[in-house]
Structures are given as C-alpha cells and as structure tokens.
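In what follows, chain A forms one complex with chain B and a second complex with chain C.
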Partner chain A sequence: MIRINPLTLNKIKRFKSIKRGYYSFIIFFIIILFTLFAELFINNRALIVYYNKKIYFPVYNKMYPGKVFGLDYDYETNYRELKNNFSNSSSDNWVLLPIVPFNSYENDLKENLYPPYPPSLKDKHFVGTDKAGRDILARLVYGFRLALLFSFTLLIINYMIGISIGCIMGYFGGVFDIVFQRIIEIWSNVPFLYVVIIISSIVTPNIMLLILIMVFFQWIGMTWVMRTITYKEKERDYVLAARSLGASSSRIIFRHIIPNTISIIITYAPFSISSGIITLTSLDYLGFGLKPPSPSWGELLQQGWSSLQSYWIAGSVISAMILVLTLVTFIGEAVREAFDPKLFTTYE
Partner chain B sequence: MQTYFIRRLLLIIPTFLGITLLVFTITRLVPGGPIERIIMQVQQMNAAERGSRINFTKTNQSQPLSDDQLNQLKKYYGFDKPIFVSYFIWLGKILTGDFGNSTRYYDPVLTMIVERMPISLYFGFFSLIIIYSICIPLGIIKAIKHKTIIDNSTSVIVFIGYAIPGWVIGILLLLLFAAKFEIFPLGGFTSDNFFDLNFFHKILDILWHTALPLFSYVFGSFAVLTFLMKNTLMDNLASDFVRTAMSKGLTFKSAIFKHALRNSLIPIATGFGNNISIILTGSFLIETVFNINGMGLLGYESIVDRDYPVVMGILVISSLLFLTGNILSDICVAIVDPRVQFK
Partner chain C sequence: MKKLINIFLPILIIFFIIIISCKKTDSNVSQDSEEIFKAFYSSEPIPSDIIWLTNDTDLEFASPEAKKGGTLNSFILSFPNTFRVVGPDSNNSLRGLILDNQLSLLEMHPNSENLIPSLATHWAFDKNKRTMYFKLDKNAKWSDGVSVTGHDYAYTIEFMRSKHIVAPWYNDYYTNFIEKVIVYDDYTISISLNKPLPELYLYLTLSPTPRHFYKQLNEEFITKYNWSIVPNTGPYQITKFNKGKFIIFERKKDWWAKDLKYFKNRFNADRVIFKVIKDNNIAWEYFKKGSIDVFGLTIPDYWYDKTKVKEFEYGYINKIWFFNDTPQSAMGMYLNQDKEIFKDKNVRYAFAHAMNVEKVIKTVLRDDYFRLENGYVGYGKYSNNKIRARRFDLDKVDNYMKKSGWNRGDDGIWIKNGLRFSVDVVYSQEEHTKRLVVLKEEAKKAGVELNLDRLDPATSYKKILEKKHDVAWMGWSTSSRPRFWEHYHSDNAHKPQTNNVTNNDDKELDILIDQYRNSIDENERIKLSLILQEKIYNIGDFVPTFMIPYVREAYWRWIKLPKKFGTKVTDNLFDPFNTSYGGLFWIDENIKKETLDALKSGIKFEPVTIVDETYKMDIIK
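Coming up: the complex of A and B.
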C-alpha cells in the first residue's frame, strides 16, 4: 500500500489545476503509450493472417518464413505481397496489415523513380519517404522511442550520481566539498559537446556508450543542485531534531533529507528529458550519434536540410519536434509551478 | 570587496590550467591527429602512383614512412615529449601570445580566429540588443497584466521558443522562407558580388543574409530573461516601498517606473557579464545550418579535422572569456546594488 503524503497530494492537485501543463501531460502520456505499442500501428509484419483456417499473429511472434503461407521462400514473409496474393486469388484467406505497413529500415523503392517520394495515401507513406525510400512516419516514431529511452536512462543515471555526490558534498562539506567544487568548475568549463564529438568520431557509439559519454559530462548539473538543496535542508530544525534523537548520518540523509528534496528534484526532470532529446538529435544531425541505420530525428533533419525541396522530410521532423518539446516544456513549467510554488501577492 | 575580486581573479588561474590540461590530454590520447593524417596522405599518394599498374592491392596498408621520417614529424608537432612537458611548452607559448599554426591550413591560429571574430561579434551584438530590448518591456507588460490574455498568450509563444533549439528553428525558416517562398538566401553571410556594392547596399545585403540566422539566435533566448524580469517586478510591486510610494500620492505608472522597475533590474544585471562569451563564441549548429563562417563553425571544423592548435586556441579564448564573464557579472551586481556585500 503506497501511502501518499497529504502534502504530495496537494501538489498533485495543484498540478491538475494548471490546465496547460495537465493536458500536455495527458497528451504526452498517450504519445508514450502509443510508441510503446508502435509495432501494432507501424510495422511491416501483419497484425493478423488468416490462412487455411488458421490464425497467425506475426507482430509479437517469431518470424514466419514465406513457406508457412504457401510462398516459395525461406526468409521472412513479405506481408504486403501476401495481401495482394490473397486478394487476387479467390480464397477466403486474408491479411490484416497495420495502418502503416512499413518498418523503419526497409527501402520501399519504385521503378523509374528516385526517392524521396512525397506523401501519398495510396502508397501508405502518409508523410512520404526519406532519401533512401524509408517511410518517414515509421522512422519518426521509432526514432522517438529511441530518443525517449536515451533520455530516460540518461536522466536516471545522472540523477543517481548527482544526488549521491551532491548530498555528500552538501551534508559533510569540508575537504570533499572543496575538492569537488574545483572539479566541477573545471568540468563545467570543458566544452562538452566538443569532447563528445571527438570521442564518438573514434568509436561509433551504441546507445549505451553514448549515454555513458553524456553522463560523464552531465552529472554536474544535478550534483550542483543537490549540493545547494542539502546545504539548506541540513540547517533546518527537523534535521537537528533527528540528530539529537541519535540518528546516524546515513539515516538522516536517506530517511529525512532525500525524501524532503524529492519534490524539488522532480521539477528538474521534464527539462532534463527535453535536453536529452535535443542533445541526441543534435549529435545525430552532425553525424556523431547513433549508428546510421537506426532511426533518428537528427539524421532525418540532416536529410531534410540537405534537400530542402523535399519539404516533407524536414517539415515532418520539425513538426514532431515542436509538438514533443513544447509538450514537455509545458509539463515542466506546470510541475515547477505546482511543486515549487511562488505565490505572488499581486498589486491591486 | 576588493580582496574578494582579487581572490576571484586569482582563482581563474587553477581553473584555466585544469581546463586546458584536460583538453590537451584528450587531444593527445585520441588517435587521428596530424601525423596519422600525413601517413594517410602518403599512402594515398603511393596508391595513386601504383594505381596505374596494380589496382586495389593491400600493399599500401603497410607503413609508408620510415622511422626517421616519423620521428621528424613527431618532433615537428611536439609529439616526441611526454604530455606534461609538451603541455608546459604549449602553455609558455600561449603566454607569449604564440598560438601556433593550424596543422591543416598551416596558417597562424590567431589570424584565423581574428578573421572569424567580426562575424560572431555581429551576431552576438545584435542578438543581445534584440533580446534585451524585447525581454525587458515584455516582462514589464506581463507583470502588470498578470493572468490576462496578453500574459498567457505571450507565455505560450515564449515557451515554445524556449523548447525548440535555435538551429531547428533555423531549418524551419530555411524551409519556409528560402526554399518555399525564396524571400531570403539559403545561407552565407554576404552575396558573391559583395565587394562591387556601394556602402548602403552592403548593409542591406548583410541584413538580408542575416535576418534568418539572427531570428534563430534570439527566438529561444526570450524565456529566461522575460520571466526573470516579470517575476522580480511582481515581487517588487507587492512590496512595501511601492505601497508607500503610492500612498504618498504617486501614480501607478510612476510608482512602477521610478521605484519598482529600478530594483527589478538588479537580477537582470547579474547575468549581463556572461554575455561576453556568448558574443564571441556563437552557436556552431546555427552556423552550420546557415553556412556562416563564424567562430562556432571554425571550432567545429577544427575538431572534426583534428586541427588541435585551433581547438586549443579557441578553448583558451572562450574559457578565459567565460571565467572573466562570471567575475564581470559580480562586478555588475556590485555596481547596480550597493547593498550586496561580497566576502
């Protein structure tokens, strides 16, 4: 049973009362849910195949070779062809394809025409294809999923390191504090994007390595915030009371200080998410991010920038970015207002 | 107060040494430096010579330079000494104003930087003027009209600008106004025939080229300053001295402009010193999007090309600017607000 502190309940109520942020949160939540189950909407595998009185569900199953459905090859079934076959032959077999029957890697090329292809309802490329003939909508959605995974993992690791080091700095002070202050000062002056570029131009990073490189430079932010908060919190009466009751330092930190600072830490989270998405997009745009075939917004932006005549490439990515980043910023603004209120006495 | 600033100034030294040493070490440890590039060039030259006879053989994979040549190269670039020794040699040169030569273009680093500076200065200066001349009035209006339609609608616009990075806005602007409607040029700082134009047309040409990048620079920077202005002004409007001023018979207007506003400008002044580094460094992403040859692009290209003397040169200048900017901010605060005591 989770016991919700009445103070927290109050904050949640206040958050709900800030309409712009609350609705943004709901929309963003739906978008996240959608991307988690994106396979059901955007996929080259069929949702349901009815073949010879048997029903198959290829999306969340192992791959079915073409032979299973009476085709003459051993590699994965091309369900779009299968659908055509079925509708041409007058059997009662059928295929239910997702709304967008492409995944983010396949090149859907046409004869006598070079990609990028403009948006077309007939081809089911609702926002067109990129320069390699890959469906942009699929790449947008799967790229967003990767970016979210990246940002959330980055946030968790950053905050874990930041909270522990910051807490120690603020609580114990002394030599540890001074040494880390200098380290942070040096660290924060190193142009971090530059170093990231240097490192990722030697090794092509996978997503985990990229996260680690980022953590290496971004732990500072949270550490600094946490140090300041702990510093203030330490001087308050409840800590003194706990100490006079004989509580150990670790008990004071974990049972008293950290729970009391959570509400301030949370206000930073949405902005960390949006900065994570932006960083990954910038790196991908410059070509120092994830390995090429992986779907990414930055890579699409690069394509869109280099061929502005194909307006649908840059147009769709930028609209997606504006939508997502604005939602996250609105959420962040509302969370800050709800959790860390600054109530104004307005002058009449 | 004086001792405080002297101490701050002295603290620049260890921080500066730390930053440069860290980046210097990284540039040393990372492969792909000038020597590797020369080896590659020699390999390509050899391959091209042999190319007519043997195509695509693996022979050019072997080391084309003799050990003697390699040592000479290492000596030329100073790679023959341990990191610390060569770091201090480099530092000594920097202190005498010798930034070395670019390992790629063989030009002196300092002239390369000085050549690019006016462009970044142009953007920095004008975006600064635009930002301050919009944010301060906007913040005042938003504070007076708190929770009205004007306040809410400008909030939405400002937050959207804050959410989206400037270079993405830049691509959007290019898409709309350069590719679709062809009102503005696709990039660059001046037209090709720039030197044939008269003075007036030169100015127009630069304005025409820089309208879009300038907009991308400023659009994202409104949020922080506007809300800082708004919040502090609202704090002051509710405070006792404004009420006293009003009860003495001042109009609302003069109470705001003569009493509240002056005090609200203090936090705005706090950040002013940091602008010095924004002015000179510029965003390399916006510069790549618009193909502008500023400091940002120079720094970015030098990293991609492993042109380490340029990387280090820019780092020296930008970190010094950043560190002095912080102190300048403090001095600004001390000037504006005599109550502040630095210890």
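Coming up: the complex of A and C.
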C-alpha cells in the first residue's frame, strides 16, 4: 500500500478544487482510455460473429480469411459485406460491428464518385473521408493514439536523462558541472529541424527513430531546471542530515532530492505532452514525420490545407487539436497552481 | 646605381612577362581558327553516286481556312535569367520558345513521320552510314535579311565547340558525337557523325547559327549576349520585353518560308504575348477574365471541378480532350532482382498480379489515366502492342506462389522459410501516396505487404541508382526510339549509377540487345525491338502502371482550330511556335467581339466540350 504524504494529499485536494483543470483531467483520461480500446469502437473487424452455431471474436484475434465464414476468398473477411450477406439470407447467423466499421488504412471507394467524401451517417463515415477514401474519424483516433504514445515515451526518456544529468550536475558541481554546461550550450545550438529533415531524407523514420531524434535534442530542457533546484536543495537541512547519517550520494539524490522536486517536474509534464503532440503533428505536416500510411494529424492537416473546399478534413483535425491542446493546457495550469509551494510552506 | 637597378629590374621583368603572355594567346587564337577553317571547308566535289531525296507528297496538316491576325495571350510562370540558349542559366522556360523559332534543316511530318523540307530542300545519305548531304533553300533568310548559307552550319559546330559558351555538354556532343560539317558551296553541305548509326536524320538535322551576328567569340560571350535578340529563321521574333513582366513575339510579315507547303496557313497570330504570372491559380483567374486565351486542363481537378463556372456553362470558353500518340514514359514499379525475394520469377509474376492498378485508375485517378501495358508504348512500329500488363488476379497470385512453395501466414501474408512477402516501395512524390495506399490495401488481399517508403526526390533517386531498393516506383523520360541497353543489359547490372535498376542479367537478352544496338537496318531493328519487349515481359521485373496519352485544354471561343484539331504528336494544341506541329490555330476577331459583347449582356452560347479520338492509340481503343 502506497502511503500518501499528507502534503501530497493536500495538493491533490487543491487540484480537485480547481474545477476547470479537474474536469479537463477527467475528460482527457476518458479519451485516453477510449483510444486504448479504440479497436472496440473503430475497426473494420467485427466485434462478434455468430456463424454456424460458433461464436468468433475477430477484433483481438488472428486474421480470419473469408473462407472461414463461407466466402470464396483467402484474404481477410470483409465484415461489412458479411453482415449484409447474413441479413439478406434467412440463416440465424449474425455479425456485430463496431460503431465505426472502418480501420484507419482501408480505402472505402465508390464507383463514379471520387474521394474525399463528405460526412455521412448512412455510410458510417461520421466526419467524412480523406482524399484516399479513408475514414477520418478512424485516422484521427488512431493518429491521436500514436501521438500520445510518442509524447509519453518522449517525456519519460527525456525526463530520465534530463533529471539524472541535471541532478548530478547540481549535486556534484565542479568540473563535471562545468563540462556538461558547455556541452549543453553547444548542443542546444544545433538546429533541430534541419537535423530531422536531413535524417528523414536519408531514411524514412519509424516512431522509435523519431523519438530518439527528438530525445537527442530535448533532454537538455530539464537539465537546467534540475541543476538549479538541486543546487538549492542540497544545502537544505534534510540533505545534511541524510549525509551525516552516512547516506551515499546516489541515495541522497534519488531518495531525498528527487522526491522533493517532484512537484516541479510534474508541473512541466502536461506542457511537454502538448509540445510532443505539436511537434509530431508539425513534422508530419511538413512530410518529415512518420512514414505513410501511418494515421497522423499532420498528414490530415496537410490534406485539409490542400483541399479547403473539403471543409470536413481540415475542420475535424483542427477541432480535435483545439480540444486536446486546450484540455492539456487546462490540466497543466491546474497542476501548476495546485503544486505551487507558496500555498503550503512559509518561509521565515 | 644599385637603387636604379632595384627599381628597374622588377619593371623589366613584368614587361617581359606581359609581352610573352600576349604573344602566346595571339598565336593560340590564330592556330585554332586555322584548324577549324581547314576542317570545315572542302574543295573536293560532292560524291556523284548519292541520291537526292525530297518530299512534297505528304498531306498538309494546316487548315486552309486559317486567317492571319490577332493576338494570342499566354503566360509563363517566371521570367528567364537570360535569352541565351546555351551556357549558364539558359535552361529556362523561354528557351524552348526561342529555339522553336530557330528552324533546322529538316522536319519530321507529324502524322506520317516522314522527313519534310525545312531549311533544306533536298537531302541524301552517304554509303558510309554516318554522313548526310543537304541542299539548302536559297530563299532562307535570317530575321535581319541576311541569307542563310552553309557557312552558318559550319559556324554551329565552331560555336558549340567553343569554350566561351560555357556549355560542356554541347562542347562534348559537337566534338565526340558530331564529327564535322563540310561546306561544298554556299548552298550545299554535308554533316557527319563519328560513327555509323541507323536513322541518321534523328541526329544530323542541325540548326544554323548566325555567324554574321556573333563573329569571333570571346570570354565576354556569357554576359554580352544575355539579353540580345539573336537573328532567327522561324516565323516569330521577340520585339519587346520588360524584364519580369512580359515578352512579346511578333510575326514576321514577310517570313521567307510562309508559302512553303508545310508552313502555309500556320503561325497565324500576329502577336504572341507571354505575361509573367507566378502562380497557376492566379493565371486561372486571368484566364476566366479573358486576359489569357488558352489554359491547360490535364489535371482532373481543373477539367472536372474548376470548370463548373459561368464562363464554361455559357459557352464562352470551350474545352477539348485531344488524344495523341507519342512515346509514353515507362512509369511503374521496378523490381530489384538482386533482392532475395525477387530472384524467383514466379514471385515477380505474382507481385504483378497482386497490383490492382485498375482500381487505382478507376477510383483515385477518376478513370482519366490509362493502364500502361508495357514499358515501350507509343513508339510506332517499334512498340509491341500485343503485350498486355499482368492484371490483378488473386487466383494467379495463388498459383504462382504455391508453385514456388510459399504459404499464407497467420496474418494472410505469404511466407516461406521465415521470409515474408513484404517489400519496400521507394517513391518520392507526396501526390502519389494516395495511389499507393490503394495498391497497398489491395495487395494485402493477395497476401503481399507493401511498405511505403517516401523519400525526397534526390535521395530516392540515389537509393534507386545504388540499387538498394526492393521496388522502385518511378518513370523514365522518353526518347524517339526504344532504348534497351541502359535498362536491361547485364553490362549495367549489379553496379551503382546505371539505369538498369532491376539488375537484369540475362546473357540471351544481352545478345539481342547488342544486335539491336549495332544494327543499322531499320527493319531488323524493329523486329528485334518487338522480340526484346516480349522477352522483357517474360522476365517480369517491371509492373507498368499509368500513361496519359492525351492533352486537355480550355480556350476562349474566338480561338479556332483546324477540322482535325491537331496532329498525332501534338502535346499542346495552342503551341504558337513549334516547328513540327505548332501554330495551327488562328484567332477570329469577329467572334472575339461577339463574345465580349455577349459577356457583357449575358447572352449564352452552346457549351462546347470536344473529345477527339482520331489519334487515340489502338492499344487503348
């Protein structure tokens, strides 16, 4: 059982009392939960198929070729067609499809009509399709999941490197500090965008490579903050006490100093998430991000921009961006306010 | 004394150096020009056993109804950096327009593809298969009134070989490919290549260069002639320009060739104005206002959607879809046979049958493009029109894959000994992504996984030329005759920086390709070309995709076209200058007045959309 520090409890209480941030947090959490199980809502595979007295769950299973359900092909079953077949025949077989029966890759193309198709309830393209006839809602949701995965991984790796190096610089000082300060100063002058452009013109980056490139430049951000805080913290009495009890440097850093700086780290996190999403979107927009046909907001934005008459493309992705970024910003503001040390400590 | 020496010695030394260097350059110049002189002019008589040919029997292709007069308003996207047609910066948008007004010795009839007279009236072939003789038209005049003589062709060689034009490619071509021009008298010349080749006329119909205008070239050439208007032999000449704004070409009223059989009734507009409009969308707005007379509509967006406006619906602007018959770029997917997976012929065949190109054409490309059947379509007699590209066919994929011992894996993708049928497709244009995603989804049904690998153009080209790709999505530019050696000979396989991007290595094919290259008999070459295409089809390392064998244009109704609209090779119906097929349209001032009045008063005409299939290739009929 984790014992929650009364101070932290106080902070959580304070956070809950900031309604705007708190509700934003709840909504954002629901959205994340939803995207984690997006396959159940937006997918071309059926949720349940009842066929010849057997029940199949294709969503989280291996691919069922058409022959399994009495169709005449070896490739993956088209469950929308299957549903039509079943409802036209008199058998008691049935198919339960997700709300949006498309995945983010397939092209739903029609005869004599050319994509992008506008939103349509009948076709179950609730926000229309893009220029290749792919469902925009599916691409938005799966694109968001990718962007979140990207941002969170980026955040964790960045903070791990940034916090460790920053703390060590601040705690030990001296030569190590000076050398790293100079390295960081030089590092931060490398133009990030150009490097990404050069690299992605040589290889098409996958998500891990993109994260690595980003980490390469962004770990710096946290080091300065952590260095300064550690400088301050290491002079405090509790560090002195720990040291006089014989605690090792690593124990002092990781058990004492970092837990005491966690509030500052947390206030940075939401903003790092939103900047991660923005970075990925803008790289994709410029064509230097994830390789096609990965679902991506930037790519949608690019499509929307080049065909403004198809308002639903740009409209949906811009609304989605506004929603997510506003939520994250509200959360970030509330966290910062809740963790503001001025509310809980008094200096004499 | 010592002081004096100290001052004088350096001055003396400098003086000597100057004298020596002056002498040196002087002697160089005179020596060079003497050599050139010897090479160009001959006192020997012309061989007596040659047969002079001419052509006045092929049909004219211009309309006798054409009227002279009027102005054609057109646009260019940027103003050129120079009017020079050789040297730095000369490869600009205006170069073609200037060169089109510089006739050459002979033309090819656009429909029959026979030679027709232009600056030369007669021609003859030497037995050595590398020399042609020409009798020049004695009436031919430069735009400044000076007669065009054989010396102007000799000067072309001198000009193109000169270091002062700073054009290494031309220097090389006119030295190592074209051997010499011999002037027998003012109106008889011969031109030779360095080696015998079939169809010499493809290479030997040079243009003259006005010797009286350039005289002796020197290192000032590049700057001196940046904005000079060079005398020409064609129907129009630049008369006015404003840098960055416009260029005006004016028709020569007493053009020397205006009554020649194949130039009569052509080049009718009195003036052709090219405005600089830096953006296509803005040019489109100008066009709808009538300040530009013609506009290309090949892009489906324009043809279908943007033309749904009053100007078209009221019939002020007409549309034409004109099919032509020209060599088509070999656009498609090139499979790298050095990759393990594509070493098996069955797998290559299966891959071709897994590509649903028809679906891409029907859906994404609005049924506007045509399926390319083979890499050599549109080369006339040289094209093997019996070949049909392999169509999307799941059963055939199944057969071929099973024959080679592959099985479908859990995810439906073929697998054999741990090797999945999953290949990278290298391409560079963002616009093509939406075509490839459809192919990808369809290929999945066939058990083939395509990974799209979009790189920027330079990198993708590099990757392909280094033969590091699995599948290259690309097209080659065309030439007047099919080329096989570059793309399929084993001389170019397994090494970087060659055009054999499929690493094709087949000794039997090599023999045929060598025969084709060395043959100087046209019939034999045609026969070999057809056989080669069949063999290449059987290798199956190229999946042909699309071709666009037509032009689509919009034009205000006062622009008139001949009854047949264009010719077999027309790729712009409103090309004002092209010597081979251009200048067929004319401008009807009365209709222009009528239309402009109607525009004001809102009178409607019948909307016109012409689809002309006269020259539609048999292969797509």
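To be clear about the criterion, the second predicted complex is superposed on the first by the 340 of 348 C-alpha atoms of A that agree within 3 Å, B and C clash if a C-alpha of one lies under 4 Å from a C-alpha of the other, contacts with A are read in each partner's own complex, and residues count from 1 in each chain.
Rule of thumb we're sticking to: a contact is a pair of C-beta atoms (placed from the backbone, for glycine too) under 8 Å apart; a residue touches a chain by one contact, two chains touch by 3 or more.
Bear in mind the structure is a predicted one, so any value in this text is a computation, not a measurement.
**Student:** Touching A:Tyr75, do we find chain B (first), chain C (second), both, or neither?
**Tutor:** second
**Student:** With the two structures laid over each other on chain A, which partner does A:Asn189 touch: chain B (first), chain C (second), both, or neither?
**Tutor:** first
**Student:** Once the structures are superposed on A, label A:Pro118 by its partner contacts, choosing first (chain B), second (chain C), both or neither.
**Tutor:** In the superposition, A:Pro118 touches no partner, neither chain B nor chain C.
**Student:** Once chain A of both complexes is superposed, is A:Ile202 in touch with chain B (first), chain C (second), both, or neither?
**Tutor:** Both: A:Ile202 reaches chain B and chain C.
**Student:** Does chain B (first) or chain C (second) touch A:Pro259, or do both, or does neither?
**Tutor:** Neither: A:Pro259 stays clear of chain B and chain C.
**Student:** Mind working out whether A:Ala314 is in touch with chain B, chain C, both or neither, as first, second, both or neither?
**Tutor:** first
**Student:** Check whether A:Ser282 is in contact with chain B, with chain C, with both or with neither, and answer first, second, both or neither.
**Tutor:** So A:Ser282 only meets chain B here.
**Student:** Looking at chain A, which partner touches more of its residues: chain C or chain B?
**Tutor:** Comparing chain B with chain C, the partner touching more chain A residues is B.
**Student:** What is the shared patch of chain A, the residues that chain B and chain C both contact?
**Tutor:** Shared contact residues on chain A: 201-202.
**Student:** Enumerate the contact residues on chain A facing chain B in the complex.
**Tutor:** Per the touch definition, chain A meets chain B at residues 20, 182, 185-186, 189-191, 194-195, 197-199, 201-202, 274, 278, 281-282, 285-286, 301, 304-305, 308-309, 311, 314-315, 318, 321-322, 325-326, 328-330, 333, 342, 344-347.
**Student:** Residue numbers of chain C touching chain A in their complex, please.
**Tutor:** 359, 362-364, 366, 394, 398, 408, 410-412, 430, 433-434, 436-438, 440-441, 444-447, 451-456, 458-459
**Student:** Using the touch definition from the top, list the residues of chain A that touch chain C in their complex.
**Tutor:** Spelled out, the residues of chain A in touch with chain C are 62-63, 65, 73-76, 105-107, 109-111, 114-115, 131-134, 201-202, 204, 287, 291-293.
**Student:** Report the residues of chain B in contact with chain A in the complex, numbered from low to high.
**Tutor:** Residues 14-15, 18-19, 22-23, 26-27, 30-32, 146-147, 156, 159-160, 162-165, 167-168, 171-172, 174-175, 178-180, 186, 231, 234-235, 237-238, 242-243, 285, 288-289, 299-300, 303-304, 311, 315, 318-319, 322-323.
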